[in-house]
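Naming follows writing order (A, B, C, D, E and F), and every chain is counted from residue 1.
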Amino acid sequence: MEARKINEFEAGIRVEGFFMIKTVDCKITNSNNKKYLDFVLCDKTGEISAKLWELSEGEEEQYKSNTIIKVRGSILSWQNNLQLKIEKLRNAEASDDVRVEEFVPTAPFQPEEMFQRIKNYIDNMINEDIKNIVGIIFEQNKDKLNYYPAAKKNHHAIRSGLLYHIMTMLKAGDKLCEVYDFLNKDLLFAGVILHDMAKLYEMEANDLGIVNEYTIEGQLLGHITQGIKNIELVAESIGADKEVTMLLQHMVLSHHYEPEYGSPVKPMIAEAEMLHYLDIIDARMYDIKKVTRDTKAGDFSERLWSLDNRRIYKPMLHQ
Amino acid sequence: MEARKINEFEAGIRVEGFFMIKTVDCKITNSNNKKYLDFVLCDKTGEISAKLWELSEGEEEQYKSNTIIKVRGSILSWQNNLQLKIEKLRNAEASDDVRVEEFVPTAPFQPEEMFQRIKNYIDNMINEDIKNIVGIIFEQNKDKLNYYPAAKKNHHAIRSGLLYHIMTMLKAGDKLCEVYDFLNKDLLFAGVILHDMAKLYEMEANDLGIVNEYTIEGQLLGHITQGIKNIELVAESIGADKEVTMLLQHMVLSHHYEPEYGSPVKPMIAEAEMLHYLDIIDARMYDIKKVTRDTKAGDFSERLWSLDNRRIYKPMLHQ
Amino acid sequence: MEARKINEFEAGIRVEGFFMIKTVDCKITNSNNKKYLDFVLCDKTGEISAKLWELSEGEEEQYKSNTIIKVRGSILSWQNNLQLKIEKLRNAEASDDVRVEEFVPTAPFQPEEMFQRIKNYIDNMINEDIKNIVGIIFEQNKDKLNYYPAAKKNHHAIRSGLLYHIMTMLKAGDKLCEVYDFLNKDLLFAGVILHDMAKLYEMEANDLGIVNEYTIEGQLLGHITQGIKNIELVAESIGADKEVTMLLQHMVLSHHYEPEYGSPVKPMIAEAEMLHYLDIIDARMYDIKKVTRDTKAGDFSERLWSLDNRRIYKPMLHQ
Amino acid sequence: MEARKINEFEAGIRVEGFFMIKTVDCKITNSNNKKYLDFVLCDKTGEISAKLWELSEGEEEQYKSNTIIKVRGSILSWQNNLQLKIEKLRNAEASDDVRVEEFVPTAPFQPEEMFQRIKNYIDNMINEDIKNIVGIIFEQNKDKLNYYPAAKKNHHAIRSGLLYHIMTMLKAGDKLCEVYDFLNKDLLFAGVILHDMAKLYEMEANDLGIVNEYTIEGQLLGHITQGIKNIELVAESIGADKEVTMLLQHMVLSHHYEPEYGSPVKPMIAEAEMLHYLDIIDARMYDIKKVTRDTKAGDFSERLWSLDNRRIYKPMLHQ
Amino acid sequence: MEARKINEFEAGIRVEGFFMIKTVDCKITNSNNKKYLDFVLCDKTGEISAKLWELSEGEEEQYKSNTIIKVRGSILSWQNNLQLKIEKLRNAEASDDVRVEEFVPTAPFQPEEMFQRIKNYIDNMINEDIKNIVGIIFEQNKDKLNYYPAAKKNHHAIRSGLLYHIMTMLKAGDKLCEVYDFLNKDLLFAGVILHDMAKLYEMEANDLGIVNEYTIEGQLLGHITQGIKNIELVAESIGADKEVTMLLQHMVLSHHYEPEYGSPVKPMIAEAEMLHYLDIIDARMYDIKKVTRDTKAGDFSERLWSLDNRRIYKPMLHQ
Amino acid sequence: MEARKINEFEAGIRVEGFFMIKTVDCKITNSNNKKYLDFVLCDKTGEISAKLWELSEGEEEQYKSNTIIKVRGSILSWQNNLQLKIEKLRNAEASDDVRVEEFVPTAPFQPEEMFQRIKNYIDNMINEDIKNIVGIIFEQNKDKLNYYPAAKKNHHAIRSGLLYHIMTMLKAGDKLCEVYDFLNKDLLFAGVILHDMAKLYEMEANDLGIVNEYTIEGQLLGHITQGIKNIELVAESIGADKEVTMLLQHMVLSHHYEPEYGSPVKPMIAEAEMLHYLDIIDARMYDIKKVTRDTKAGDFSERLWSLDNRRIYKPMLHQ
C-alpha cells in the first residue's frame, strides 16, 4: 500500500491516503441499474477520477465537495486516463489532523504578510485622494482578498492568488521606477492595487480559492467595468479630485490594452502603460515557472493555454 | 451679382450674400510679407475657403468664428478647389435679420417637440426604477440636449442631432415591438434614451451644435464608460434595484457590439441586441439619405467615410 | 409508466409514448457479436439516443427514418447523457391517429396563411417588372416553400421556416418604412422575398423540413449565386428592365454584407442596406426567443453557436 | 531642342516632339484671373503635367483627350515634380504620320495573333458543351477583346492586355498539365478563357485600352457575378449539360480564392485550384518584369501597389 | 478467411494477412484487471485499431513498432469505428518474404532516380557559387533524403517525399521558365532544392519516412532559420559571393510568403516569388490528387485539413 | 534679431543663429526660371524648411548636408507651415566653435561610459560560451555602436541610441531578476546585448547617428536573420556548445514576439519572454517621455506613430 501524491500515480499500483473531494455525483450504471459514486479527487499535485462501485445504504449522502476523505484503492487505466477504483473510504476526522488548505494550491506567502506589505505601499502614498480611494477599497475587500485567486483557470488561480499577484507586481513596479524615474509612484501603485480588484465581484470563489462560476454581473459587465463603478462611488463619497478619479479609472479601463481583451481604450498615461506590462510580465513569469516545475532539463513542458498554447523549453544550461 | 448657396458656386461667377464664419486666421503672404485674412465660410449647404487680400487698419480683429458676415466677391478655381476672393465684407447687423441657426445644419424637428415626444415614452414606462433613472438623467441633460449633435463628424452631426437620433430610434423601436412582442419596452426604450447620453460629456460642442474637440475625460474613458458611471451614481442615489441598474449598464456597455468599436461585451439580453440594430439602422438611414440628397438618379453619390467609404447608387427607378 | 415529452426525461424513470425515428442503424455489440438497433428518436421538444438490445428475426428491417414508433422503456444515464433502453416497440398504425408533422418543430403559422400574406405584398407592388419577376419566382417555388426550413441548423431550421422568415421580415420591413419613408417598398419587399429563395436549391430537405445535406451546386456555387442565376433567367424571359434586374441581383448579392459571409459587395442602395438588417434582426430575435424559452428568470440560457456562442440572460424583471 | 521620351526628361532641358493628350482642362490663374490650359501628356514611357499659359482666342477648344499634339517647351521642377511649360503646340496632322496607338502601352503581340492562338485552344477541346460555351462567349466579345486591358491600374493595364493575359496563362497552363497530368485540359483552358471575360462589362474602356471608369453594373455586381450570369444565359440557350455549366461557373466564382478578394467559395475542383495560381503567377510575373525594367542591377525598383507595395531587387547576378 | 487491404475492411468479416505495427501498448482492462495489447496496425491503404485480449506469458514483449506481423481476426464496429479483434498473430519471418517498405506510403519513383534527376539540374548550373553551395548541401544530406518525408502530416508525408517534392517542383519550374523566360534558372532551381532542406533537421524521422516528433532546434528555430544557418556556414567555407549567399537565403526566408506562416519577409526577387508558387502548387496538386483517389465521380472527397478543410468535388465529366 | 531654437520659431519674427543642414537641393522657380536653394535645417529641437532665393555665382555648390551654417532670415507662414526665408548665410568656421554633434539629438550618456557599463555585465557572466560569443560580437561592433541609433525613425533614433537602449534594458533586466529570481542572468543579459546588434548591418547610418537608408541585405533578410547568421559564424569559430548557440539564436529570433513583427516563433524559454518585455517597455518609456517633454500639464501630446498613433496625456497631478 503506497502513500503517493496524485502526480505519482501509475496504472497497476495500489494506494492509500487523504484526498480532497473536488466534486462528487451519484450515478446509475448502464448494465445493471445500480448506483455508484463518481468522484473527482485532488491534492496539491493534481486530480484524478475515482469510482466507488459498491454503496452501502445511505452512503451516497455522506461525502461532500471540498472536504477531505481517507481512501484505499487501486489505479486502473481507462481510455488512456488513470482512474482510482475505491475499495474503502471514510471522511477525515479531527484526529487525522489534516487541513483542507493543504489540499489546494496556495500562494507561497501568508495572506497577513502580503496584506501588510501592500498596506505599506498605500501608507507611503503622497497624494491624499489616491491614498484614500485605494485605502478604502483595499479595506472593503480585506476578507475576500484573504482567499480569492486571481483567475478561474489561468495565472495565479490559487488560494490568495490575487493578493500574491498584487504584491509581486508592486515589487516589480518599485524596481522599475528606479530605472524609469519619471513615473508617478502613487498612480502606478494605485493602478496595481485596483486593476483586478473587481474580480472579487466578477467571480464566485469559495474560501479555498476555487472559482466555480462567474457572477451574473460579472458576465454582463466584467471586472473592468465593475472596478470603475466602484471607484466612482468611493471617489464621489469622499469628494475626490476629478482628475485623480479619472486617472485611476483610466488605468483600470486600459490595463488589458487591446479591445478584444476588454480594454476599449489604450493607455494614454505613462503609468497605465507600465501597469499593463507589470501585469502581463507577472502573469507570464508565474505561468512559465509553474508549467516547467516538473519538466526535466532538455525537455519541453506540456502546452499551456494561457501561454497561447506554447510549450516551454527547459535548457540543460539551467542545471 | 448672384445670391447663390455655397453648393451652387462655380468658377468664374460673382456672388453676394450672408455666410457664417467657421474659422478665420490672419496670415502673411509669402511673396511680399503682407497680411491677409484666410476664412472658411459656410451656410447650410456647405463650406468654402475665402481670402481677403487687402486689409484696412485693424480689420483683422473685426471678424469672429460662428458669426455672420455679408460678403461680395468672385469664385476662382485654385488647385482644383473653388475659392472665394472677397471684394467687400461687413459683419451682419440686427437690421439684416439673419439668424446664425439658419447657417448650420439642424434637425428637422424643433427641440421642444422632440423633447416632448421622448418625455412621453418615459411617462409610459411601467417599471418605477427604470422610469426614475431615465427620467432623472434626461432632465439633468435637458439644456445640452437642445443643441448637441450625436457626433463630431458622422451621422447626426447636426444641431439637436442627438435628440433627433433618440426620437427616431424610439419610433422605430416602437414599431418593431409590434413584430417582436416579447421584448420589454421599458428596457428597450431606456436603452435608446441612455445609450449615447454621455456624448454630452465626451465632446465639447458650442450652442450651434458644432463639436470642436473631445473632452479629456472623453478621451481617457469614452462615452460608454462615462454613461455607466452616471447611471451608477443616479441608481445609487435612488436606491434602485440592482438588476435594473445592471441591465441598463449592460445595454449601454454592449451597444457598439464589437470590442474594436468600444463594447467589451456583446449583448446578452434581447433588448440590448435590438438596441444595437436600432442604433445602426438609424445611423445608416441618416447617412444614406444625406449622401444621396444631391445625387442624380442613375448616378453614384460621393464616398462616405462613415459608410465604410461606400458610394450609394440612386436608382432611375426612384424617379 | 409516464407519457412525458423528451425534454422532461430524467434518469431512472420509465416511459411510454410515440416518437419519430430520426435515424436508425443496425450495429453489432463488441462483447458478444450480437446485433442491436441504435436509434435517435425525437419529438417537438428534443431528441434522445435509444437502444434495442434484443432483436427478433427480421426486426432490423422494420423501422425507418422519419416515421413514428410507439415505444416503452426506461431512461438510463450513460456517460453523462440520457439514453432510452427500449423494452417494447412497434410502428405507429392508422388507428393511433398520430401525424408525423406533430413530431418536428414547425412554424407557428400554416403555410397557406403565410403564402397568402406574402402574396398580398406582391400584389400591391407598383413596378410591373419587379412584380412579375418576384411573382414568377414565388410561384415556381410554391411547393418547396410549404415545408423548407430557412437553414440546416441555425435560425428558422424548422418546417416551413423559410416562409415564416420571409413573412416576419416583410412585416418588420413594412413597419420600418413608416419611419424611413424614403425607401422604395417594391424593391425592399422584393429583396425580402428573393434573398434566400435559392436555399431551396442549395439544400436537400425532406417534406418534414429536415435538411440532410447540401446539393452539389449548393456547395460549388452557394444560394446567393444560385439566386442571381435564377433572377437572370426569369428577367431575360420577360424582357425586364436592365436596372430592375441588376438591383434585385444586387440586393441578393449583398445581403450577407461581409465578404467572409458570402457577399462580395456591400449594399450600395438604401433598400439593400435595410434588407440586411431586417434579415439579421429576424434571425437574432428568433434565436434569442428560442434559446431562452426554457431558461428560468435570473439565469443564463445555454450557449448558442449561431449567436456567436453567447449565452442569453433572462432578467428577473421580465416576470 | 531635344526629341526625348518622357521618361528621359529632366529639369532644365528644352524638348520638342509628339505626345498624346491624356487629359486637358481650361483653368483660371489665381493671381490675375487669366485662362490657361492644364494638360496631362503621355507617351509609351510615361506621363507629365504640362501648362500652356498664353492662350489665343478660341484655342481652349482645339485640344481633345486621346489625340496627338506636337509640342515645344521647357522642363521645370515644381514641388519636386517635373512640369512641361509649353511654348508652342499644334494638333498632329495626317502628314505627321503618327498613330495614337504608338502612344499608349500595348501588349507585345498583335491582337489577331493572340486571338488565333486562343482560338486554337478552343478548337482542340473535346467536350462539346465546354467548347460551345467558350466558343460562343469568345466570339461575342471579339471586338472588345481587341483593345481591352485586363485592369484599370494593375497588371496588364495595357491595350489588348486581357487577350495577352489569357494567352500567356494558356501557355503556362499547357506546360503545367505536362507535370500534373490528371488535370482536365478542357476545364482548365475554359476557366482561363472565361475567368476575366466580364471585365469587358465591368469597366468602360476606350479603344486605346484606357479605362476611365467602372460601369454601374460593374460596381453593383462585379465581373465575377457578371461572368456567371453570362455563362448561365449561353448555357441555357444551347441546353448545355448542368454539371458543365456549374463547373465553369464554379471556376469563375472561385478564381480570386479569398472572400475578401471577391470569391465567396474556394476552389473545390483541381482545375479551379490551378486556375487561381495561373492567374496570380501571370499577374505577378507581369508586374515584376514591368517594375524592374528600368531598375539598375544592384538596386531596388520603386514600390508597386499591386505587389503589396513591395520593392523588387534586381540582382547583380542577372547581368 | 479474406486477404483484404485495410481500406476494404467492413464490420462482420474475418481477415488474415500481414500488417505493420504502427504502435503497440500493453494495457489493463477495467473490468477484470487483465492485461491486453492495444495495437494500431497499418498497410499502404490505411490503419486500424486492433486488440489482443488473451496474452500468453511474456507475449507482451514480443511485438515492436515498425515491424510486420501476421494476423488473423474479425472486424467489429466499436463506437462507429472499425476494430480488429485479433485471434492469432506472430511476427513475420524471413520466409514470409515481406518488406516493411511495402507497408508505408512511398513516393512513386525510386530515390536513386530522383537523386540523379536533381543532380542533373545542379550539374547544369552556370553560376559557380550557386552550383557549389547547392551541390555541397545536397551531398551532405544524401542519406537522409533517401527516406525523409516532406512533412509530418500534410502533403508529401510519405517515404522519400521530400525528394519527390523537390523533383516535381524542378520539373514544373523548368516548364514555367519557358513561358517566363526572364527568370534566372540557377537561382530558381537552387531555391527549389534548398527551400525545405532543413526539414531534415527540424523533424526526427525513422527510415520508413515516419516523423515521430520535431527536434528541439526545430521547435526553437524552425526549418527556415535552420536552412539559412546552414547556407551561411557552407557559403563562408567556400568564400562565396556575398550577393549569391544573400539571395539564396532570401529565397529560403521568404518562401512561406506570409509572416504567420513563418516568412518574416515577402519575396523581393522574381525567382523567390516563383519559388513560392511552385511550392504551393505542388503541395496542392499532391493533396487534391491524394484526397480524391477513392472518391467516386459525382461525389465530394472527405475534408482535408491541409486544404483549409475543403472537400474536393470529382466531376462526372472526368470519367 | 533673435537667437531662438527652432522649436521656438513663430511667424513674423526674424532670427539669426547656427543650424545644421539636413538636406539641400538646388531648384528652379516656376515663375521665372531662376535657381534657388531649398534647405531643411535642424538643431536639437527640431527642423524647418528654408529657402535662399537669390544665389550668387557658384553659391549652389558651397553648402553640404550634415554641416553647420550660420543663417540670418525671417520666419513666414506658408500653407500652414513655418518657413525660413534666408537673407544671409555662410558656412560655420573653426572660430565659431560649434560642433556638429550639438545639432543632432544624442543619448544622455557618453558612449564610453555606456560601453563600460555593458562590458561589466559581460565580464560577470558565468557561462564561458555565452560570455565569449557576446564578448566577441560586442567587440566586433564597438566602432559602430559609438554612434548608431536604435532605429531610423522610432524609439532611440538618436546618436548612440542603440548603446543607450541596451544599457537601459540591462539595468531594468537586472532589477527584475531580483523579483523573478529563477531567470538565468547570463542568458537574459546576452539576449539584451545581442537582440538588435544586427541593426548595425540592416541600416546605413552616418556618424551623426542619422539613418539614410536600409542596406540591401537589411531589406532582403532583416536584422533578426542577420543577427542569427552572425551568432552562427562566431559560435562555430569558437566551437561553442550547441544548446547555448541555439538558445541565443532563439532569443534573437523570438524577441519581436509576433510573426507580423518579424518573429516566426514565440519565446519558448523564460528569458526570451522577459527579453521581449524589457525591449518593449524601454521603447515605450522612451517614446512617452520624449513625446510629453513639451506637453503642458492638463494637455495631450501630439500623436506618435510608434505608440500606435496615440496621444499621451500629461496629468495636472504631476506638477
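Convention: a residue touches a chain if its C-beta (ideal position, glycine included) is under 8 Å from a C-beta of that chain, and two chains touch if they have at least 3 such contacts.
Bear in mind the structure is a predicted one, so any value in this text is a computation, not a measurement.
For chain pairs B-F and A-F, the one joined by more C-beta pairs in contact is A-F. Two copies of one chain, subunit A and subunit E, form a contact in which under half of the residue numbers belong to both partners.
The chain with its Cα centre farthest from the Cα centre of subunit F is C.
Here the CA centre of subunit A is 63 Å from the CA centre of subunit D. One finds 47 Å separating the Cα centroids of subunit C and subunit D.
Taking each chain's centre as the mean of its C-alpha atoms, subunit B lies 42 Å from subunit C. Residue positions of subunit D touching 2 or more other chains: 216, 219-220, 247, 268, 300, 311, 313.
Chains touching one another, given as pairs, are A-B, A-C, A-E, A-F, B-C, B-D, B-F, C-D, C-E, D-E, D-F, E-F. Subunit F makes touch with subunit B in their complex at residues 11-12, 74, 76-78, 83, 298, 300, 311, 313.
Residue ranges on subunit F touching subunit E, taken from their complex, read 216-217, 219-222, 224-225, 228-229, 232-233, 236, 242, 246-247, 249-250, 253, 259-265, 268. Every residue of subunit E that touches subunit D in the complex is listed here, in rising order: 127, 168, 171-172, 175-176, 178-180, 182, 184, 187, 243-244, 247, 266-270, 273-274, 277, 280-281, 284-285, 288-289, 292, 300, 308, 310-318. By the touch criterion given at the top, residues 27-28, 30, 33, 216, 219-220 of subunit A touch subunit C in their complex.
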